[in-house]
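Quick heads-up: structures coming right below.
Next come two complexes built around subunit A: one with subunit B, the other with subunit C.
The block that comes next holds the complex of A and B.
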């Protein structure tokens, strides 16, 4: 009899591990699959390439994870990225420090605006950030007069995006560091605990003395800050910077966060999940390139991946509720 | 008898997510009868009416109208049968005249245009038939709420209506207008039209109704002819909870020191002029009907709703409470009546729920949460309150109602409050857990915490409280003390009645 009980216990544990680590399992199997399909896949050069491709998205996904856990969403990140990049580039004559300060200043300001409208005014985050997205792009266009800006920054700047330390891309180190710091903060800090509380149940959070408006507001500022950091990596890899009105960044970043398993309904998720989502996204994108899938099909595949991720999210949410 | 009956609703049940709104409710109505439907808020009156008028579909049961089984799928079906409902909010078009409203959508026509003369004449006829002194050509927007209701009645009658349902018609009209309304209802009755009258003003019901049906928690608890009832009976049926099965150990005393004082608290349309004191170690009960404004008062004290005016003193000092964080800083904690959505975060573990008020105190040097201390705190709470859970990491949503409530209380206790607000702390939890919570509340009071206990269960108020505040329609009608807290005193203050109850019902 005990044997049966043990076996049931084991089966249950296996199931729990399987469902909590679904995305990791999918990631490992797709890596395995790609290794068989393409000899170029599992090379150090290609892996570093993947990281370089997704670096900007990954940094923005950190902020997006915070926002989504607080039951919000930020669709303005593409516009914000353009604005931060342009302002940063305009500052390049005053040195690297000025670029850094300029971008971060603008990102924080954008986040403050979004946070005020969503957190304090309680406006619908989808509509508000769609609106501010246009405002940010417009400001970037006006400021740059629609022209490209040539990147003439010092070596220290391009060091970020292009160079290696001990054979490891600086970008990879940066990403790991950012995910670690932001991840530990998200799992241990008082602010983060309150953010989860607000995301799960705003009324209960309010009744526990949590100022939910402020908590939500801050999450958008965090997003702004990470977009500013992303803009530095973004510009460091380019020779010229130009405002691009239609950029797929928002779409990709939300796909990454949801793919990782952070729930759009708020209050559930982590940066570990987002990191898995990021790598999985990078592998899919890279695989499509290696297998020479035409661009128009790539877009469709990305769309289907996002839809599958959302459907799976809904499925696992119901599973959690019933457990 | 058969030809007298106009409507029979048999075994009507209706389920909404999370609640059984109606359970096997049967109702029978004769021609020319005025049936009063009473019950507390949430008793199921509105649901029943909405089923009759076609707004909701019933889950099971049947409706027999004039001896024939019918299905009412849509509001138009109800109107077609001759059932008209007059809701609290008027459905008249404010910009149009009285006559136009009465004949809206079926105006008498002549040469392709509205025949104003005929329309106004017919409308005026209906109005004067009922003794309503309103001109048919007058604009509805200029009429008072009561007058608009009269127009609605006239409109209903113009449809050859056989049953008129009135949902709290007197809620916002004056006494004089109420008299007028009753005259109209009597006239309708003479025409053999039946009325279903919803109200919780017992005085009115005894003036106008032939039969009184009392609903509680979705079930019919009594349906009697008015002659066989007095007001106290009706109240008893409405509140209808078992009396005398708990504790009456009030051997402990509260201290003289005044912890908390409310002075003339007002919030528009919710409550008015609320003043009371709470002493150290006192359990102060708040009794009254559901919807009387007790919860609203507590929410305002805790800073969840804004006060329009009034002052709060804590330990003799004036306190400004503009949000719940202020209240918590002042040592007040709150266990909401809405356990599922407000006092507990379902997706958090027991530990995270218990520590949420204490996060700052659990801070490490780096500004993080000290998870070891947090766990110890939760373990202690689970032991102290005997919360039944597999571990401290168990999610709140997996706990039973009673254990969730204990977790909510534990959360407040971990903070060692000086004042604790408990809103219906034992609602919907099993008897065992109820007892545990009762003794916990007493222990707390004994240790010097001041407790504001809102409860709709009379035994709870009678058995637990040093004093009891009775709230009716947003105002304090009585503050009872010690031995004076009895079922009868509480009920008498809680419900608007016209006659001395004690004299009429004195055999107990």
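The block that comes next holds the complex of A and C.
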């Protein structure tokens, strides 16, 4: 008798592990597959390349995870990124401190605006952030007069972008540090508990004395802060900063967060998941590059990946609810 | 007359007066509601009048028939899409992919031009409808949030358009195709006629058909719509396909107007369309809205855009102005919706 019970127990555990770590399994199997397909894939150089490619997206995905857990969404991040990068570049003459302060100040202001409109006014986050995105882009255009900004004088930029410490890219260390800090905060702090509660059921959160509008508001400010940090890496990765109306960053970041398993319906997810999603996204992107798929079709494949991730997300949510 | 009789009558009177008070209260609320609605409508009209007056001072050609045609010619592309979006928004759904559908249609129409104009037009519309079917299937069968589903199909459609056009602008080879946007029937420009036709179709659907009633019912409360025996899934599917169809028709007009096909033509369109529809009083929360409002909303946005051209405002500021208008609209919509809920 006990043998049957044990076997059931084991089967159940295996199933739980499989369903909770699906993305990790998919990641490992895709890495394995790529190692067989391309000899250049599993080299240290290429792996560091992947990290460099997704660094900006990863930092923005941290903030996006906060926002999505609070049942929001932020489509203004690419506009915000341009604005922060331009302001940061313009502040160069006053030293790196000014660059940091300038970018973070602007990012926080943008986050405050989004947060006010979504959290306090309770307007639809999609339309609000699409609208603010236009405002941010046009501010960046006006401030840069529509020209590319090239002159990077601060050494710190190339330090972020290209240099290594102990053979490890600075970007990788930065990302790991940010994910650790934000991840620990998201799993341990009172604010994070409240954020989950608001995302899961806003009314219930309100009834138990949580100031939900403030919680949502803060999540957008966090997003602005991380976009500002991402803008520093962004400017150090590129030689010129030019404001573009169309930037695909938003959808990439959302894909990363959803791919990790954070649900868009709010109240569920973690930064560990987002990290897995980030690496998986990087591997997919890198694989498409190695297999020489044209850029245009890469977009399409990303769309298909997003839809598959969302459908899987819905499927696993139903499973979770039924159990 | 006995005492108890008196008592009953007294109670009756009391009840009646109470009922009167209640009636008056509810009438007050109704009137208040009406007033808010009236004010909102009036606001748009006032805005239209102001914009027209401002431009008439600057532009002497404005009040001629050709000036009016020019305006409507300009808003036809947005207006036709707005019809589909109105029906969809009323049913509580949402479509982000219309911009990509527009681009995809322009590309496909231009690619198939060698095989004949009719075939190219059919292929363009079919490609648009295919995206609509994909949207409908994902939302209805997969039970996915329409926002994220159409986000995915937007990426797919745009990637496909980029892929088959190799990121190039395709120039049309048939001169006859231009007739669709530049030609006139009985002296009236074709886009204007198409706009009126689609507005009438939208109006007819929402006003007189079961499908239109279903749209309001689903948007008002989807769960009770299911309980009332409405075929929610089938209706939603039809709305998604209709929305993509309108985007496709707009794509045809745009392709004919510029005689080019490009995968990035429709990139910022979705925001303008939704802005116009919501400006016209259709709620993003579903259940409320009408075509008349949509016409006005789109007209206001079109006039603003034209005013920016007339007054020589740089395109950098145009983005800002557009963003601010949309933010103002959404905030207004939210505040009105909240007040409406508080009243109920």
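Throughout what follows, the second predicted complex is superposed on the first by the 322 of 323 C-alpha atoms of A that agree within 3 Å, B and C clash if a C-alpha of one lies under 4 Å from a C-alpha of the other, contacts with A are read in each partner's own complex, and residues count from 1 in each chain.
Rule of thumb we're sticking to: contacts are C-beta pairs under 8 Å (C-beta built on N, C-alpha and C of every residue); 3 or more make two chains touch, one makes a residue touch a chain.
In this text the structure is predicted, and so the values were computed from the model without any measurement.
In the superposition on chain A, contact of A:207 is made with subunit B only, not with subunit C. Of the two partner chains placed around the shared chain by superposition, neither subunit B nor subunit C is touched by A:163. Partner contacting the larger number of subunit A residues, of subunit B and subunit C: C. Once the two complexes are overlaid on the shared chain, A:294 sits against subunit C while remaining clear of subunit B. In the superposition on chain A, contact of A:251 is made with subunit C only, not with subunit B.
Once chain A of one complex is fitted onto chain A of the other, the partner contacts of A:128 are limited to subunit C, with no touch recorded for subunit B.
Look at A:6: by the touch rule set out above, it reaches neither subunit B nor subunit C.
Counting contacts by the rule stated earlier, no residue of subunit A appears in both its interface with subunit B and its interface with subunit C. The touching residues of subunit C, when paired with subunit A in their complex, are 94, 138, 142-145, 147-149, 151-156, 158-160, 162-163, 166-167, 263-264, 267-268, 271, 274-275, 278, 284, 316-320, 322-324, 326-327, 330-331, 333-335, 338. Those residues of subunit A that touch subunit B in the shared complex are 188-190, 193-194, 196-197, 200-201, 203-211, 267-268, 321, 323. Within the complex formed with subunit A, the residues of subunit B that make contact are 302, 304, 323-325, 327-329, 334, 336, 338, 341-348, 352, 356-357, 359-360, 363, 367-369, 371, 397-398, 411. Considering their complex, residues 73, 117, 121-124, 126-128, 130-135, 137-139, 141-142, 146, 245-246, 251, 254, 258, 264-265, 294-304, 306-307, 310-311, 314 of subunit A touch subunit C.
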